[in-house]
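Next come two complexes built around chain A: one with chain B, the other with chain C.
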Partner chain A sequence: MAIKFPSIDFFRELARRMADNAAEFEKLGFCDTVMGVKVDGDSAHLYALTFDVFDCTDVRELASPDDVELDFTLEAPLALWREMFESIKKTGTPEPAYTLNSLSHVGDRMKVVYDDPEGHDKFYRFMATLQAFVDQTSDFDIEWA
Partner chain B sequence: MSYYGTNDFSYNSDFNLRIRDIKKGNLDFGWLDDARETVEVRRRDPRRGLTIEDCEVGPYAIENTPEVIRENRGLAPRGAILDAATVQPDLGPSLNKKSDVWGYRVQRYWEEAMSRQWNVSTDVPWHDMDKHNIPDDLEIAFCQLCTLLSEVEMIATDLPAKWSHHMNSYFQEVKGFIATQAIDEARHAEVFRKRALAGAGLFRASVRGEHALKGILEADSYSEGSVFLHVLGEGFILTLFRSSEFISPTPVEQRMFQLVMQDEARHVSYGLQHLKYLMDNCPEVRPQINGFLDEAERHLTGLFNPDQLESMIVLGGKGTKPDQIKKGIEVVGAFQGKQIEEYFHRAERAGLPERRERSPLLELQQRMIAAAMS
Partner chain C sequence: MGYYARDDFFNNPELLERSGQILKGNVTLDWMKLDVESAKCRPADNRRGLTFDDLNVGSYAWDAIPEKIRHNYSMAPRGAVLPPGLPHLGYDINRKSEVWSNNGPALYEESKARHWIPSREVPWDAVEQVGHSEEFERGLAQLYTDLTAMATVLGDIPSKWVWRINQEFVELKMWQCTQMFDAAQLADVFRKRAIAGGTGLGRDHAPLGELAKTVFDSGTYPCASASTHLLLCGLMQILLRHVGAVSENAADETIARFGMQDVSRSLAYGIGHMKYLLAERPHETTSLSGHLDEAENATVGLLASPIFISTLALLTAGSREGAASGVPQVIALYRRFADEHAARREAAGIPSSESPLEAFVQQLEA
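What follows is the complex of A and B.
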């Protein structure tokens, strides 16, 4: 069944899979951060994903970034998110140019917005978990908005 | 043997008589009489097990401990009973003030470090190395980078190890955290050495880089060493690892950098929180820290040594042809600018916004911008 991106169901499904793949995420260790995901397009969408211990415990769509205290937010146009997920789909892990780290580092195609550098550093402290989280989409049938 | 105790227990007759008495069954149970405040240690979140923060209770809690520790110069754990009748050996800790070492949230960083450990031998997909054919120039450039990183990681292992025994044993959380850092850094030195040896081998050691690293190890105080290593040095290395993941020749190196990056970011976070704690609680050291950073930032430019720079350019442009070198210069220039900018932002957040005005790195940044525009 196709899952629409961006949508709250898309991230809920990822959170559900994270719980199913408990062994993989427990091996990676505690992950404690509230991460924002912003998808820019005709109508922008902003989601808050709360990671607590080994799980993604809360997913919600925000009307404004001030609704929740976010450690950092990854912002990119819909087309770039699409390229990233399509790269993941090819082999299960993204090509070097499409990891969360590379996208947000080289050429700043994906923006990392943060207020406190400690919140910003959480993106790197939990990078392996966050990458594994998005890599779970490799067998998603995605319906693009 | 350089320490001769004040008491020779093997010949102390009182002690021997007492032991003989105990063995006959004459116990005096004096140690049972010590009244202890009852504390409740509760696992706040069973998924985390029993955490350091769960154990911050009553007289054992750091928040109930004075800023300056005067009573203990030995190895007593915080909250233990000190026997007033006997003289505790003085192990000579020089860091007896909380602001000398403490960082906000250090307990959480210690737990995070323990939970996110990994193993170089088994968590990097070494078996995939055979699947990829890396051109010689890229492989040698990568191994040159691994050589410098091995040197950097050695110092990062030695600095926490050097300072641990200078810390009063009441600051166990900091000692515990920097012990995790030492093992993290030893693991990083291991991964870069293994990767180099599994490929083209180790190349040129960096004299300039080692001068910079000596500056970290020779810092006069722990706080100076910490601000140099954790905030300045590791902040720069974190950005370097981020770039290295991107320019990695294969998914093997990509995974390697993803894992080292996580550890590095945790060390930076602790350094930032230590500097912040220091500035909040001991603002009088500000001129001293600034004076130290003026020199430390000069030292740090030693890490931009020609061998490392060239190897990064070759990796960034994926080869040695003129157009690849041009691309490589762009990639490296962009990340160097980012290194400096992120450092200023961290310094500002920790309470040292003046670094942005007085730093010798500014001139370097200006030169890089000028080079990029020419």
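What follows is the complex of A and C.
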């Protein structure tokens, strides 16, 4: 069944799979951060994903970034998110140019927005978990908004 | 021999007589009469197990550590009964604010939980066919050589200070032990990667040594903490992000991803340490700021050195011929580093209006 992106169901399914793949995420270690995902397009969507220990315990769509205290937010246009997920779909992991690190590195294809540098550094502190989290979409049948 | 015990134990007939009596079955259990707090600690979250946070209770808590330790200079664990006659271990860092960060105990637990094993988890077979030119590999090997030196210093700093820090700060000292182990693994993996790529290690150079010496020779632990955790770890983090972005090799991507995690924990400690210190001793701001400016000056020496900037330009452009075209992106990289470093200084409470790093990047941009 196709899952729409962007949607709350998309991220809830990722959270559910994270719980199912407990061994993989336990090996990667504790991950404690609240991450924002912003999808820019005709109508922008902002989601807050709460990671606690080995799980993604809360997923919600925000009306405003002030609704939740976010450590950092990854912002990109829908087209770039689509390229990233399609790259992951090819082999299960993204091509080098489409890792979260590469996309957010100098060049700003994907922006990392933050207020507090400690929150910003959590993106890099938990990078392996966050990459593995999005890599779980490799067998998603995605319906693009 | 640096220390002679206060007694000639082997020739003490009273001691030998007492131990002889015990061996004959006249067991004395006076030591069981203790006046210590009984605490029942359980994991607040079973997924984490029993953590230092769970032991932050009553008289065992780090919250109860006074700002200045005046009662215990022995190796006794905090909370144990301290009988008279315990030897002084010579700890001379006895102020909590000199070393403490409230996130230290949790970072220690996180460091153990996120431990990785480079010798097995890096896909080393990917290095057999690197998928890029020999010149690019030579550039990577040069950067890994520099990173090896930086990681070695990263391990030397806590080891230089940890034995001087009072045992009452046990959680902090355990955290420093994980820092040393993480640094050892980083130096290990950077060295292995440079050599395994086939071109061998690169060249050491004085500007890198100057930065390392500036950090290593910091006169106090707070100064060492500021220049190591805020500046050196920030530089290593962004270099690893760059390696992960420019190399298409899976081994490099793995090393970058896990390496940036390790140094980012130290960044979190550094900010937390400075905040705690300056809340207790705000007058330290001036000396810390001056020291960081000095360390930034040494960093400028590295960033401006031909070997360092041309290595980054080659890696960014992807080839030796195109290296010049990579320079604007290297400047953008430096801009990002300067901005992130300034934000961390601000968050830590030691902003600078005369930052050599900022002035240098502005000059490059001009």
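We adopt the following convention: the second predicted complex is superposed on the first by the 144 of 145 C-alpha atoms of A that agree within 3 Å, B and C clash if a C-alpha of one lies under 4 Å from a C-alpha of the other, contacts with A are read in each partner's own complex, and residues count from 1 in each chain.
As a working rule, a contact is a pair of C-beta atoms (placed from the backbone, for glycine too) under 8 Å apart; a residue touches a chain by one contact, two chains touch by 3 or more.
Owing to the predicted nature of the structure, the values given are computational and were not obtained by experimental measurement.
Aligning the two structures on chain A places chain B and chain C in a clash. In the superposed model, A:53 lies in contact with both chain B and chain C.
By the touch criterion defined above, A:16 lies against neither chain B nor chain C after alignment on the C-alpha atoms of chain A. Contact with neither chain B nor chain C is seen for A:45 once the two complexes are overlaid on the shared chain.
Of the two partner chains, chain B and chain C are each touched by A:105. Once the two complexes are overlaid on the shared chain, A:117 sits against chain B and chain C alike. In the superposition on chain A, the residues of chain A contacted by chain B and by chain C overlap at 28-30, 32, 53-54, 96, 99, 101-102, 105-107, 116-118, 121-122, 124-128, 131. Per the touch definition, chain C reaches chain A in the complex via residues 45, 47-48, 109-110, 113-116, 237, 241-242, 244-245, 247-248, 253, 256-258, 260-261, 264-265, 267-268, 271-272, 329, 332-333, 336, 340, 343-344, 346-347.
Chain B contributes residues 45, 47-48, 108, 111-112, 115-117, 238, 242-243, 245-248, 251, 254, 258-259, 261-262, 264-266, 268-269, 272-273, 331, 334-335, 338, 342, 345-346, 349 to its touches with chain A in the complex. The touching residues of chain A, counted against chain B in their complex, run 28-30, 32, 53-54, 93, 96-97, 99, 101-102, 105-107, 116-118, 121-128, 131.
Those residues of chain A that touch chain C in the shared complex are 28-30, 32, 53-55, 96, 99, 101-102, 105-107, 116-118, 120-122, 124-128, 131.
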